[in-house]
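Next come two complexes built around chain A: one with chain B, the other with chain C.
And now, the complex of A and B:
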């Protein structure tokens, strides 16, 4: 390591330069949420917590409480993640291992959907949800988000299944176990790293989703943090940027925490299913 | 348990891999399916295990027709080339898995796993995970797992291919010992002639989805049914010389008398194993020039190029004074030469 110290310093310097704008943005988001700068300036003048008042009082009588919205977001993100994982582990197994009619068609379809600009579907989805009576409900958005995340999930999980040797499966069958049992007891444990990474990823994708709830569930009952923030900034005649930054910070905290906690597992997904 | 495979046909899509093949293995016998890669030996093995569906023909274990039985219901244990141990399970859990599937009581599973582990001599490793084992130990676990539910048939797919040379030697005799002790009927798939000859009662030599010859290792070595068989067995390999049969076998300036009882006319191929040619033998002579010497310690391999450019190989005990480029006139053990016709069939 000592020989590459100089090279490392150069690398760190380059990376610092590139990431500086992001770090400064995050820094000021935090600082501004607990301080009051002089009008037009950026240097904090005095420290206060009034921007965080949304945590313990209603900032506006017409709005739902932040905790209700957070709960919504949490339910939205976890339900999406669970749905995506449940379907991905089964669908990906079938695509990876079973020989069924139109398998190639499904595989090609997956790649296409994976690269598809989903926003172009939004009007069709709107009509479908309207028809099903799920418009403006959390369940509706969860279903749509999960469906749109599925191609990615299935593709990732298929990669992990593909890396499990065939022989393990054949050995299990030869040992007398049914295909289902082989899958559950012998194959699933091998793709666990992929599964946990996918769970976290799809949770984060749900947590940060904005467009779908905005269009498909605009009502107050199904509001999530992203649309809540949008409403706070859009409605006000006199925008309160300090409050907005505090809510933004609050919204970003779980994401930062998840990344810090699960960094290693998340990297797995880019390893394409190799042992990590 | 006797295995009877009759008129077996296997197709993958439009390609027929094996057509109309029959094989019968006696109870308690160990047989090798030997052949180059792609000859259909593994396909045959997996058809017997039930992993591949049989497209034509029948398969009987004893008197029982198992042709349409799914792999789960066949009394078969399989050892895979890469052992296919379950990486997330300990050795004990690996060996016990077939028994857990059978819903045996935990106490019985434990005792049978212990028994099996003793048999394959890994009793002290039961708590380890497969990654913590050496290749030979993994192989033993795989054998134990294949044998633990007391199958009637043991199938081994290239079991030694992933081991280093020393371990391979050890596991060769180990597998044979296990097979003898359990009295199980076994089929070994291998591309290695030495493995096949040293481990098995009989060898089925396969080529392009057919069995070329099936007999005991000694018989196959002594009386190969075709040029292909003769060329496949033996290390260093047999030398072939094209000759013209006309009362005698003439090639270049050399000629050998026709072995008694063989009537051949026209072009033939002489197969001569290196251990049957050299100065230490009795018989008619063949002369040529020494073109290569490969010392092996106890003996040397010496290539002799004949005047017509064809090449014979000899095994000569060490301590000879043969030099490169020297012209030699060495004896051929005439009773041990093999004659094949132009199509490669034995004469």
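And now, the complex of A and C:
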């Protein structure tokens, strides 16, 4: 096929034009966080770091410190990711390889859950958490987020288990190992790439989550960066986009770092692909 | 066989527990709550029994006879055996005996009168005003404004007041402050014109965004497919970012682009166009940007999925087409697109469901505004039950909204299960023990 730049200039021009709004937004996101635009304009006047003042002072006395909020977000995202991974590696193996009664039923359930829009359940979950006394606590949101990510996690891990050759397992069983030992010592190392991909994915999903903390943990103690940033934006009577964008940069740094490091693996898992 | 079953179920059980707690239970509860009038004012954990001053007027309509209402409204303070016993416990038997001799069987309308009665004590007077007030409180028999945690306590109290048994059932029901089962949520949904408006908004939102997602996703995948690898990767990276950037930040960038001192306004000012908020100015503006904001995220998913299925098509087919003289449009139309039928169908069905139920980006971008022009069904459920300016959150009504989405969700995901070759996915395990 023709893969020269010359023969494709029209296509590249069209793509560049439609990508322009996004590129402009990314560019000014970066520029505006470290500069001050002319009043009423968009061209940066001076370069300065005052937009980042939220890092060393409280922008508003009623707000929790950014570091506390960042810690909350980190705990939330990593606890969710660990829970999802821990539950997925066992459940997915059972569904992929073990023969037990009602397996078909569980598999059908998994596929349905995978497609089911969980956000519709948020009102009921809100009330369940109140019953359990976990409302407005980080633990509550962690449990809910992990549970809601679980069908996806199991689905992805099942895909990875499915691609492990049966021969490995057969050999292990032939040599007299129990199914549990075969799983732990032979199969788990095979799906490690998948597991790390799922870990990254669930971490990012937790890091970006907005609606669940907003509804289930609105208090200052359990605030995460998403709700913190939203509150700063919503409470301001005169929008200070420089500040908003600096907070946004700070918030998105781990996401962008992970994206640059694991781009290929992430694209695969976001596409719902099964190959690591 | 048995050990394997045990291992299988054991491996599955943590996930099962999570699914039961946060999927099955909420589904069942959504149905239950939809049939209640649960709200902030009724509380969640069941209510108490309380008749307040203002309740008295509505009691006759609730089937309580006038005489019973008068009894409730009537004598507030009474010197009776039971109130005297309370008084004796705190202020001594002697005072109680004297008071009984002076005012036994009397009743008073307000506390001031009761305090005057207490002043009549001569042998061992209660001198402090504060103590007299406290003593007067002990004779209070009215239940108005008083809270009773259980039905039994309330019935006991109204029996003590002398309310006839015939009125007790109706009174107890009227006094309950907790939630009760009702079908009025659905009647309300049926009657409110806003309901249809939200449904139409949802339909509009899903159709427009889906068309954008699939069309644009396909365009991105096909065009980058024909580009040299490096260039293609750059464009894919640009379009992949909306999907992984946190929604709060992603929408903030659009807010900046469109606000009245933002990019669009600044660019258009030299041409004499008045700066406006391009996202919120009119309903058309709002819808355009909602479709664009959601569409770029959806197109990103479409692009990734379509790109990977395009790569799976053998290149030889394209070479063959080229040899036969097919131009690029003909290659796309007759070679590539026919093989993309399944991914397109998958994206369409998957996104129909998720667009129908998601409200995150709309909440962040316009919050349903201007007016309620961009309020979709899912957002209405959220606003009704979880966030409104009135302060009274109507969980029951919100659950009724959500129930419609839950039912659609279950039906569609069951349909997809039949659709996307289930049998391939459930190949039997090969080790039989």
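Everything below uses one rule, namely that the second predicted complex is superposed on the first by the 244 of 276 C-alpha atoms of A that agree within 3 Å, B and C clash if a C-alpha of one lies under 4 Å from a C-alpha of the other, contacts with A are read in each partner's own complex, and residues count from 1 in each chain.
The working rule: a contact is a pair of C-beta atoms (placed from the backbone, for glycine too) under 8 Å apart; a residue touches a chain by one contact, two chains touch by 3 or more.
Here the structure is a predicted model, which is why all the values come from computation and not from measurement.
For the composite obtained by overlaying on chain A, chain B and chain C can both be accommodated side by side without a clash.
When both complexes are overlaid on chain A, the residue A:133 reaches neither chain B nor chain C. Of the two partner chains placed around the shared chain by superposition, chain C is the only one that A:100 touches, whereas chain B remains out of contact.
Taking chain A as the reference chain, the count of touched residues is higher for C when chain B and chain C are set side by side.
When the two structures are aligned on the shared chain, A:118 is found in touch with chain C, with no touch to chain B.
Of the two partner chains placed by superposition, only chain B is touched by A:190; chain C is not. In the superposition on chain A, A:23 makes contact with chain C only, while chain B stays out of contact range.
Shared-chain residue A:175: touches chain B; no touch with chain C. With chain A used as the common frame, the shortest Cα distance separating chain B from chain C works out to 5 Å. Of the residues of chain A, those at positions 170, 173, 178 touch chain B in one of the two structures and chain C in the other. Residues of chain A touching chain C in their complex: 1-5, 8, 11-12, 14-15, 19, 21-26, 28-29, 32, 40-42, 86-88, 90-91, 93-101, 103-104, 106-109, 111-128, 130-131, 143-144, 146-148, 150-151, 154, 166, 169-170, 173, 178-180, 204, 207-208, 210-211, 215, 225-226, 229-230, 233, 239, 241, 244-245, 248, 251-252, 255, 259, 263, 266-268, 270-273.
By the touch rule above, chain B contacts chain A in their complex via residues 46, 49-51, 71-73, 76-78, 80-84, 86-88, 97-98, 101-102, 145-146, 149. Put simply, chain A touches chain B in their complex at residues 165, 167-168, 170-178, 181, 186, 189-190. For chain C in complex with chain A, the residues that touch the partner chain are 3-5, 7-12, 14-16, 18-19, 21-23, 25-27, 29-30, 33, 38, 44-45, 220, 223-224, 226-229, 231, 235-249, 252-257, 259, 261-263, 266, 296, 301, 304-305, 307-308, 315, 318-319, 322, 350, 353-354, 356-360, 363-364, 378, 381-382, 385-387, 395, 398-399, 402, 405-406, 409-410, 412-414, 416-417, 420, 422, 425-426, 428-433.
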